[in-house]
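In the two complexes that follow, chain A is the common piece, with chain B as its partner first and chain C second.
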Partner chain A sequence: MAGIQWVNILISIGFLTAVGIALTLLLVIAEKRILNYGDCEIDINNGKKKLTVRGGSSLLSTLSDNGIFIPSACGGRGTCAYCKVSVLAGGGMLGPIERPSLTDDEIARGVRLSCQVKVRSDVAISIPDEIFSVRRFRATVVHKKPLTHDILELRLRLVEPPVIDFTAGQYIQLESREYRGREAVNRAYSMSSIPSDAGHVELIIRRVPEGICTTWIFDILQEGEEISLSGPYGEFRLTDTQAPAIFIAGGSGMAPIWAMLRRMREIKDPRPAWYFFGALTQRDLFFVEELRKLEGELGNFTFIPALSNEPPDTPWEGERGLITDVVRRRVPDLPGREAYLCGSPGMIDACVKTLVDLGVAREHIYFDKFA
Partner chain B sequence: MKRSPEESEILGNFTPSKFSGDGFLGTDPRTPQEIIVEDALELERAGIDAAAIGNALGVLFDRALQAMGAMIEIMPGVTARYHESRGVIPSPFRGEGAFEKGEVAVSGLPGFGDVILTRLSIHLIERHGFFQGRGQRYRIEPGAALMLARASVR
Partner chain C sequence: MEQFTSSIVLSILLIFASAAFTDNILLARFLGMCSVIGVSNRVNTSLGLGAAVIFVTVVTTAMNYAVYYYMLVPLGLEYLRLITFIVMIAAVTQLIEMIIERLSEGLYYSLGIFLPLITVNCAILGLSLFMLNKPYGFIQTLAFGGGGGFGWFLAIVLISGIREKIDEKRLPPGLAGPGITLIIIGIMALAFVGFSGMIKI
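After this line comes the complex of A and B, so read on.
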């Protein structure tokens, strides 16, 4: 009796194994025959570049495999909405994951999340020309220098490729590593270094409470360690005009402004400039001595630090109040003024409103919003 | 209890991920649905719904945001301050888009101490009645949310 039971068990195991193998073979055949999209062509910017690729993967990863790096922070999950590209043909239907991340205008223009578009046939896309110059870099940490109680400067030496070609105001994406059970992520940081120092990248980073990437940078990352990044990205930069320039930023928002001002010093840019540095208290200020020195070096530059939460009984002699109020009091009334802002959406929106009230043309207000 | 693949995927969005290092459940052993139901009972006893609370917290968030980092007093002894942060965080309920990461730190709320408000946490309350799990930094106890909501409409 027991022998018959064993035989039945063995037959069952054998049957299940055979079914499993058959299903696996079926899947392999299906993948090769049914899901074989063959070679597909990706036409970028109306023939400027054409790629012949194996179909079947997402547009984002296919482009990345071919050295074209679209910004992305979620690893292709369709949640960060950073990887938008205009798909002119061959993108297929808009997916339910994409819809909430796109405006009606974007949908009408064919904008898609490249991580959600599968390359199944020939595709035509449009991307900013700057994306072609984005590279992935390996770098080592030269220093982590505290600037305030919650902001540090990260200086990196590029290893491979050894130099980066960028414009002051642009940003990179830093790749963190897994630690304490937290996943590796990509996060965007503006470069505070100047383009002539092409072998290095400097970043000004504020600690985000419980932030995955900033906790890694502040607490885990060591000087001398090797890390990866990609860039440069972004269109925030000084115009070629010599129009009077108003800069407004505080905290880590100073990064692109610091790069622009030092670039102006380097090329002896004569345009009149004012930098409104908004902070809470004196302990939140940094680079003050360097900015004061820059006043002498640039000739036509005024540095205006403003504190919104400084106790009234301290010897602070500079401006006090919200940065918008200080801007309202101190912005000079000159024709053709341009403004450059970097910071949180709330700060940017409030400053744009103030500047427009003061007569600065909206189309001459450029900003890098933390969103 | 067995879960469908869809349920498992949704639940997976509440655990630590690329976007939320600590997830949305903290140390709470309950499922999101259980948390929502228990918190809803507390709100029911107070006679207010989650949508109204979320709406009022949104008003409070905007007040602090407009102060651009300066401390504001929202009721005697209770202050709020906006802290900027770069980037966005998606809702764990898929298809609801992503929300700015900046946060408002409320200090000195009687009986609750410090409370953190974000655009996403307010959305989760307003849309789903989800106050997040206990032990999570962004968990807002319904009683605390109620107190803040009342302060915001004063």
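After this line comes the complex of A and C, so read on.
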């Protein structure tokens, strides 16, 4: 009797296993055959570049497999809305997931979330030319240098590819790894290094309380560890004019400005420049000595640190007050002034308003907003 | 011989009609309600989902029939029918999802997140299990599956037609959506009770 029971158990286990394997095989084969869209052609920027790819995956991942990196922060779930791309032909229907992320105007222009567009046929898209030069890099951490109590400088050495070609003011996306149950994310940071130091990337990062990526950088990431990033992205850069330049940034917003100023020193850029560094108290200032030194080296550069929260009885001799008030007091009245701002949306909106009040042309105000 | 053929055809028609009307899987058995409550606000979507369900019921009852009578019964594994049927249905639904994605993008997007609902649509498992209670041959089983699916199709299309006609803005807030849908289903189920006893198989 016992023998028969064993046989029964074995038969039932064998049967279920066989059914499972058979159905899995069926599905795998079906996916290969039914969802096989063959070779599709992706036409980028009206024939500027043509890719022949296997259909069936999302536009975002198909492009990144071919070395074209569209910014993306949510891993293709359709929630971050960074991966917008103009799809001119062959994108198929607007899906229910991407609808909330697009404005009516964008829909009319054919803008789509590339993570939600599946390559099923020949596709024509248009992307900004800068994206062609975006690469994915592996890098190792050279140092994590504290600049203030909550800001650090992260210096990375590029491993593969070994150099990056960018313009001072552009940003990269850093990929954090999973830790303590927090998911892996992509976050954008402006490069504070100069383009001639092409084998390295420096970032100035402020700790965001409870921030997924900054907590990882501050607490988990160790010097010598390997990380991934992609870039360069962004259109924030010095103009080709010699117009007087007003820089306004505080905290980690200094990163692109720090790169621009050092770039100006390198190419002996003669334009007059002013840098308004807004901070709360003296302990939030950094690079002060370096910036003072730049005043001598650049010839026509004025560094104006301004503290908004410094107690009145401290021996601080620099400017005090809100950055907008200091700008109002100290901005030179010169024709054709250009302004470069980097910081939070609130700070940028307030500064743009002040500068426009002071007569700076709105089209000459360039900024890099980070939320 | 001719008489035999005609009696087969008649029995198939009767099985189809009884599965679709007197034993309507949705309105008489109250199976497959979740998809109905979720998707029945547009006739167009209901037509698509209903058609997919007809297809799935025909295919799954046929496959489950074959698996049950040619594999489970000879091996003495009848007690594994529930788990086997669930796995079979899940696989077939996946397959259909792929086919729909390939054939009609519009249908794929309008069914959206509800396609996986077919996988766990109890109406489909119900039809496969009820099929075992009846002494059907293979052809009759196809008619039973097709009739059951057609009954579900008919019910969801009728319900969504009524819901499209109802101006939900004029309903008390607590009744909007699932509330009014359940009331509609209840009234329609009363109407379908009228069919019961018409056909005895």
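In this section, the second predicted complex is superposed on the first by the 337 of 371 C-alpha atoms of A that agree within 3 Å, B and C clash if a C-alpha of one lies under 4 Å from a C-alpha of the other, contacts with A are read in each partner's own complex, and residues count from 1 in each chain.
Here is the rule we go by: a contact is a pair of C-beta atoms (placed from the backbone, for glycine too) under 8 Å apart; a residue touches a chain by one contact, two chains touch by 3 or more.
Please read all numbers here as calculations on a predicted model, not as lab measurements.
Peer 1: Taking the superposition as given, does A:181 touch the first partner, chain B, the second, chain C, both, or neither?
Peer 2: first
Peer 1: For A:128 in the superposed arrangement: first (chain B), second (chain C), both or neither?
Peer 2: In the superposition, A:128 contacts neither chain B nor chain C.
Peer 1: If you count the residues of chain A that each partner touches, which comes out higher, chain B or chain C?
Peer 2: When the residues of chain A touched by each partner are counted, B comes out ahead.
Peer 1: Give one of first, second, both or neither to describe whether A:20 is in contact with chain B, with chain C, with both, or with none.
Peer 2: second
Peer 1: Under the stated touch criterion, which partner chain does A:96 make contact with: chain B (first), chain C (second), both, or neither?
Peer 2: Both: A:96 reaches chain B and chain C.
Peer 1: Applying the document's definition of touch, where does A:110 land relative to chain B and chain C: first, second, both, or neither?
Peer 2: Neither partner.
Peer 1: Between chain B and chain C, whom does A:11 touch in the aligned arrangement: first, second, both, or neither?
Peer 2: Only chain C is touched by A:11; chain B is not.
Peer 1: What is the contact status of A:318 with respect to chain B (first) and chain C (second): first, second, both, or neither?
Peer 2: neither
Peer 1: Of the residues on chain A, which ones does chain B touch that chain C also touches?
Peer 2: Shared contact residues on chain A: 96.
Peer 1: Which of the residues in chain A come into contact with chain C in the complex?
Peer 2: 8, 11-12, 15-16, 19-20, 23, 26-27, 30-31, 34-35, 92-93, 95-96, 120
Peer 1: Can you tell me which positions in chain C touch chain A when the two form their complex?
Peer 2: Going by the criterion above, the answer is residues 67, 71-72, 75-77, 80, 83-84, 87-88, 91, 94-95, 98-99, 101-102, 105-106, 109, 112-113.
Peer 1: Give the list of chain B residues in touch with chain A in this complex.
Peer 2: Counting only chain B, the residues touching chain A are 16-19, 21-22, 65-71, 82-88, 90, 94-98, 100-103, 137.
Peer 1: Write out the stretch or stretches of chain A touching chain B in their complex.
Peer 2: 73-75, 77, 79-81, 96-97, 99-101, 181-185, 187-189, 206, 208-212, 215, 250-253, 278-280, 308-309, 322-324, 343-347, 350, 370-371
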